[in-house]
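Here the chain labels run A, B, C, D, E and F in written order, and each chain numbers its own residues starting at 1.
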Amino acid sequence: MCLAIPGQIVELESENSAKLDVTGVRRMVDVSLLSQQGIQVVPGDWVVIHVGFAMNKINDQEAQNMLHELKSLGSTSLDDELALWDVPSPNFEGRKES
Amino acid sequence: MCLAIPGQIVELESENSAKLDVTGVRRMVDVSLLSQQGIQVVPGDWVVIHVGFAMNKINDQEAQNMLHELKSLGSTSLDDELALWDVPSPNFEGRKES
Amino acid sequence: MKEDRITMSHGAGGKSSHDLIEGLIRPLLSNPALDSLDDAAVLPLATFLPSCGEGALAFTTDSYTVSPVIFPGGNIGDLAINGTVNDLAMAGARPMALSAGLILEEGVSTALLREVLTTMADAARRVGIAVVTGDTKVVPRGKGDGIYINTAGVGVIERQWPMGQGHIKPGDKVLVSGSIGNHGIAVMLTREGIEMQSPIISDTRPLYSLVHVLLQAVGSGVHALKDPTRGGVATTLNEMAVGSNVAIKVFEEALPVDAAVRGACEILGLDPLTIANEGKLLAVVSSDRVGEALSAMRQHPDGTQACVIGEVQDNPGGMVFLETLLGGTRVLDMLVGDPLPRIC
Amino acid sequence: MKEDRITMSHGAGGKSSHDLIEGLIRPLLSNPALDSLDDAAVLPLATFLPSCGEGALAFTTDSYTVSPVIFPGGNIGDLAINGTVNDLAMAGARPMALSAGLILEEGVSTALLREVLTTMADAARRVGIAVVTGDTKVVPRGKGDGIYINTAGVGVIERQWPMGQGHIKPGDKVLVSGSIGNHGIAVMLTREGIEMQSPIISDTRPLYSLVHVLLQAVGSGVHALKDPTRGGVATTLNEMAVGSNVAIKVFEEALPVDAAVRGACEILGLDPLTIANEGKLLAVVSSDRVGEALSAMRQHPDGTQACVIGEVQDNPGGMVFLETLLGGTRVLDMLVGDPLPRIC
Amino acid sequence: MKYMDEYRDRDLVARVCDEIDRVSKGQPVKIMEVCGGHTHVIFKYGLEDVLPPNIEMVHGPGCPVCVLPMGRIDDAMALAQTPGVIFTTFADMMRVPGSQQSLIDIKAQGADVRFVYSPLDALKIAQQNSERQVIFFAIGFDTTTPSTAVTIARAQALGVHNFKVFTNHVMLIPALQALLDSPELDISGFLAPGHVSMVIGMNPYRFIAQTYEKPVVVAGFEPLDVLQSVLMVVRQLSQDIRQVENQYSRVVSPEGNMLAQQMIAKTMEPREEFEWRGLGTIPHSALRLRPEYAAFDAEAHFAIPGRHVPDHPACQCGSVLRGRIKPWECGVFGTACTPEKPIGTCMVSAEGACAAYYNYGRYSMAREREQLVHPLVKGDE
Amino acid sequence: MKYMDEYRDRDLVARVCDEIDRVSKGQPVKIMEVCGGHTHVIFKYGLEDVLPPNIEMVHGPGCPVCVLPMGRIDDAMALAQTPGVIFTTFADMMRVPGSQQSLIDIKAQGADVRFVYSPLDALKIAQQNSERQVIFFAIGFDTTTPSTAVTIARAQALGVHNFKVFTNHVMLIPALQALLDSPELDISGFLAPGHVSMVIGMNPYRFIAQTYEKPVVVAGFEPLDVLQSVLMVVRQLSQDIRQVENQYSRVVSPEGNMLAQQMIAKTMEPREEFEWRGLGTIPHSALRLRPEYAAFDAEAHFAIPGRHVPDHPACQCGSVLRGRIKPWECGVFGTACTPEKPIGTCMVSAEGACAAYYNYGRYSMAREREQLVHPLVKGDE
């Protein structure tokens, strides 16, 4: 359920509305579910879009961490693996806790 | 102005409404402008139709009189002609004067 | 083409259609075959394959958008077969194969489509022709009208003399194969806002067989054939008069019009000469061959009422006129606008 | 054909279109040329005129109902020329002449019509083909959508080997001439309720010249050509698999899809394999001639991205399957319904 | 067809024409057929070719389509373009140009304009579309007015409150009066319209014979009706008699259709004045709905622009309508003024004098004025 | 494409699968991907072919299109057929059959049904058609609900009073609870839907690990996301750990989108119960508009039939959804029940387990059960 895909903000039209780009395809999206809780959205940001709404920003650090885990597979000992399981609880940068 | 043509009543649907025939083409027409002043419309009657309304019955006697005049042209003396001018004032049969 | 927008008149086959074609379409797409504006294009077979030698391919198309789809005497299915077969026949071509492009409106019933296709198949069978290629599109509701059909047709021309609306000569006689106005009036009487009952049925029918007997009988005595569809006999004769720069004189007295069609035209203020036919042809025949032409046509079931309705004169070029019932004369123009009922 | 009414799905080129054609249209109008369901009917010229000897006429039709009439990269005018030229080309035929049937909606602007006809004329000129016969109908507002165009085309086939969706053999390779999905996505992104901007333009173009170089290079090594229009590559391959009772295996990795088309498909939940193309062809080529075929196509401006996307196997007959990017395998079915955006 | 074919007999036509010739003795006579229906018949059958050359028919203003001023057409289009409205009209009005465009143009642009054969059909559309306002564009002379009157009364009886009428009915007699009062009138006698007369009867014409001393013959619409009526006018002239005669007695009674007159009087009342295209403003010459029927009056329910559009300065319709010039003597005839783009009223409908010459008369006209054949035939088509 | 292509790497896929194989040691493991989006990815990429054979994916009820009961679809169609209404919907719903027909059928019959990409597009249509009622067919799990909530709040702020919402939003957690409570459940662990989780966060899943003692991994939607999540479940099993892990941490935070949660709470409240197709009635599992937003509530403004349509007796969706049988083991699979004419919920949308097998899986299934190839391939097409 819930087709949602990553896209990059290219332009802010208003506090609630921004132009999003997905490999050259552009559409206005509503960013109020981020901006209205103080999460700044600026051009260059990557967000996840569902039915025309930006639902969350994408945390690139987390993305790299998980990919790194995948890439380390088969090249680490079981102990290393066990350490990897202990995923740090996500702490999104720039997110206002409210 | 005022395209109006002769047609024959073939069927009465109600006091105000009748089926009219013009050489096989049939349509419902409103006969209230006759029936509501006591001029009976019955199947077989010829009427003049304009925009879906029967406007008057056709007086066949008058029709024959005028045609007869035409046919007598050139075959009558001037005196005959003068007599012919004196057209009797129309007295439609079956028409209720009101 | 002065108008900013297309109106119904531009599709009615008369003067506005002519303006649209001459003022916009033909100049943009111009080429000799199209420019002749005959019922079918004539393409020498040798241009396809040198080995073919003499003989030509006839190629034509028409779209059918009749509303209602089913009308007294036929439906859009046989209309689409017969109409295109007839345009081939008017070129003197033997019909060989048809294409069919269906444009269906979302929501049209499968039963209606089946009925139309069945009629189409029957009509094709009657002519001995097959629909060899097809296409189906569906358009959203409100972007179509049930069923539209385009057919294109190819046929082969073996005759060796020129024929067409550019080949009419002064002295020729104009023949019609039967009564006029039946198709257009049959359809119009079913329309919303008119709603008349009548015994009138469409004359839709294939004319190749009639053309065949005519050509057998008279050969090069036939100078032009044309089916007086949209715009009626008046428009078709005007196209011929312009195409050959001759005058055509029509005798009102000679026009075959069924009583009910006349009656409907009187009620609606229409002229049968501007009403569409789908199973009649106009033949322009050399005056010395008229007798043979008439007797050949009258022996054919689709030409029993064939008669002479006019003659070709040399002056004034490009005009059609009518000798009225009473001996007066008037211009007989193309249809102007769409034939709509009048009250005055 | 189970449904009582026609829906948009029946025109989308996928399974429902197939059901409509196989369940209703083809059986009623059945004849050998139509039954082959190839892009164009093939009619031996000798049946027209015995003197023609070998060689055949190709005959095809398509109606164009694209909305909007003008879309990124083209309009209905060049689409109508190119599409029919391409169906002739897919039969290996040299296009000779086109017909055009316009169905105009009352109120459409003359300027739009002029633009479309100008594009149409340019497209015809580019292919060196003429619109030799035409027809124009006007339908009331709300019974059309601006401009619909039907074109039919005739062409001549000189090749001497059988070719078509019934002539594919196990071991053959499937080639595509370039990136897929561009036309359908370019049009879809303009639709109300989607409204996305993108650099994607329709790939509408004539393919005869590309076919010509391919046939020159490989001749009878070409077993089938088909343009993956409505229903996309997936549907077209399924038609081929059924037509020859073979299996076709497609390599997802090999599929050329432009980045923006991929992006749009991800946003809308669509599969580029079911999206329409108007300037691409699928060629099924004998495996020993693939190298020559590819190099010939790649030297042509309309085939620079040509590549092998699949291969023909003998089992299971009538099926297409896909080896996924990750090495998994799945069935690749025809388009079901109309390609509509998904949210889940 | 009964009551039609009898009146299209070629022999009888010849006989009447001979008689007209004999009675008129070659004296020039100008007879105005007031009614466009007569004009139509004269051209359709080529009657000018069979009439003796001394008889000249002058084509009057009797076409309700032609006389409606452009401003009213513009008003109709404003109504038709009101969102949600279904605008119903006789098909005759569809192509008549307003100052910018016609109903057929705005229909093409999306207005819901539908033609009807009868006002009752418009009422039916209103019953079938109860959530929408359905306006009927009521036009016509006294012949047509009763049908609108009956339809309004029926709408009231049935409670069809979404039905509205945009009333443009005009009356023949005030228009004739205005014409007769114009100083340049050059007419010997009149054919009165048979179908108007079947409603209003014959009495309303008496003032023409009595005050203006012109013969009047109420005429039917078949060729022989028209020719016999011409003969009757000519006879009056030759006998120096001035009276109202009834050639169309098979249909017209002296008193007319009294119920029809009552229905008009019940639902409508005269406007103070009304503009006629080509004739100017004429007092008490048109009708509006009575206040009791305001519920059905489009003019009471919708904002109507009511803009006045003056006649074109080049227009010579007034002179054509008064018999002063022939249509082709107007400077713009057949060039700037054609049925497809009329400048003046006489070119608007097929019944207008100029349109009739343009559509039907070019050949006979060409015989009169040979040099005009080619420009006209080729025209600007 | 960033954040997509990285997760479609064939080498990495092979490595994860090897690791799953190594860690799971050939033990049979049944993992339910709750979400139809995961089901779609599994079939689209053929992941069952690359996973070790001991790993069986069970396809859960997480498709809002599939779980909506027929009665609600019938209700939607009744709304869409209300004269004057514009009915807007995600295109996904267009072909979903009600008891008699689908939205696409009634659209073909004349209902004004339009698809939108976003609820904001429906609101725009309402603004552009102020004289008509515009209804938005709101469906979806927790991911989609906030967009409806924001749109309603915006409609109120802008005063778009012709905008109405037919609310069918459902909540994942109560459905999972109901599934976990069913006695025949045969599942070793769960992949939780990443996009629902980006709204609700991770805490709501803790009861599954704690009370039902099943591993839960919040999973993304690329192939490597799914496989990595499977690995994480398998590792928990092999280590005998039960916890809620977050594979999709690039998008999902533990607390979710708090504003989204607030917007839902502000505009909607739980229904006492709601029927789920295939799962039966589940208490507090769906949302309706709060009375404060009644002005925008289609259920408050239109008469809604509310007829209950029972699941088909032959339907075995419950067993499929609980992992008891494979789709093709249902007696009607591929014969009476096809995506074109589904009998049960799992065949309704492309995300349903049975539909996925039917559309994508026939070849791999054929390999498992050779004798079925032909009837299925030829089917009843």
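Simple rule for what comes next: a residue touches a chain if its C-beta (ideal position, glycine included) is under 8 Å from a C-beta of that chain, and two chains touch if they have at least 3 such contacts.
Since this is a predicted model, take the numbers as computed values, not measurements.
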Suppose chain centres are the mean of their C-alpha atoms. Which chain sits farthest from subunit E?
A
Farthest-lying chain, centroid of Cα atoms versus that of subunit C
A
Using residue numbers, check each pair in D-F, C-F or D-E against C-E and return the one sharing over half of the contact pairs.
D-F
Taking the mean of the CA coordinates per chain, how far is subunit D from subunit F in Å?
35
Could you tell me the distance, in whole angstrom, between the mean C-alpha positions of subunit E and subunit F?
70
Inter-chain centre distance, subunit B versus subunit E - centres from mean C-alpha coordinates, in Å:
22
Centre to centre, by mean C-alpha position, how many angstrom separate subunit A and subunit E?
77
Of all residues in subunit E, the ones touching two or more other chains
1, 4, 36-37, 63-64, 90, 107-109, 117, 121, 140, 144, 351
Enumerate the residues of subunit B that touch no fewer than two other chains.
1-3, 5, 22-23, 50-51
Would you give the residues of subunit D that are in contact with at least 2 other chains, written as numbers and ranges?
5-9, 106-107, 195, 259, 262-263, 266, 342-344
Where do chains touch, given as pairs?
A-D, A-F, B-C, B-E, C-D, C-E, C-F, D-E, D-F, E-F
Interface residues, subunit E side, partner subunit C - complex
1, 4, 8, 10, 13-14, 36-37, 43-50, 63-65, 90-92, 94-95, 104-105, 107-109, 114-117, 121, 140, 144, 223, 339-341, 349-351, 359-364, 366, 373-374, 377-378, 381
In the complex, subunit F residues that touch subunit C:
107-110
Using the touch rule from the top, collect the residues of subunit F that touch subunit A in their complex.
1-4, 6-7, 12, 15-16, 18-19, 35-37, 62-64, 90, 117-121, 140-141, 143-144, 146-147, 150, 193, 195-196, 198-199, 221, 224, 228, 232, 235, 239, 245-247, 249-255, 257-260, 263, 351
Can you check the complex and tell me which residues of subunit B touch subunit C?
1-3, 5, 7, 22-27, 49-51
For subunit D, which residues are in contact with subunit E within the complex?
106-107, 141
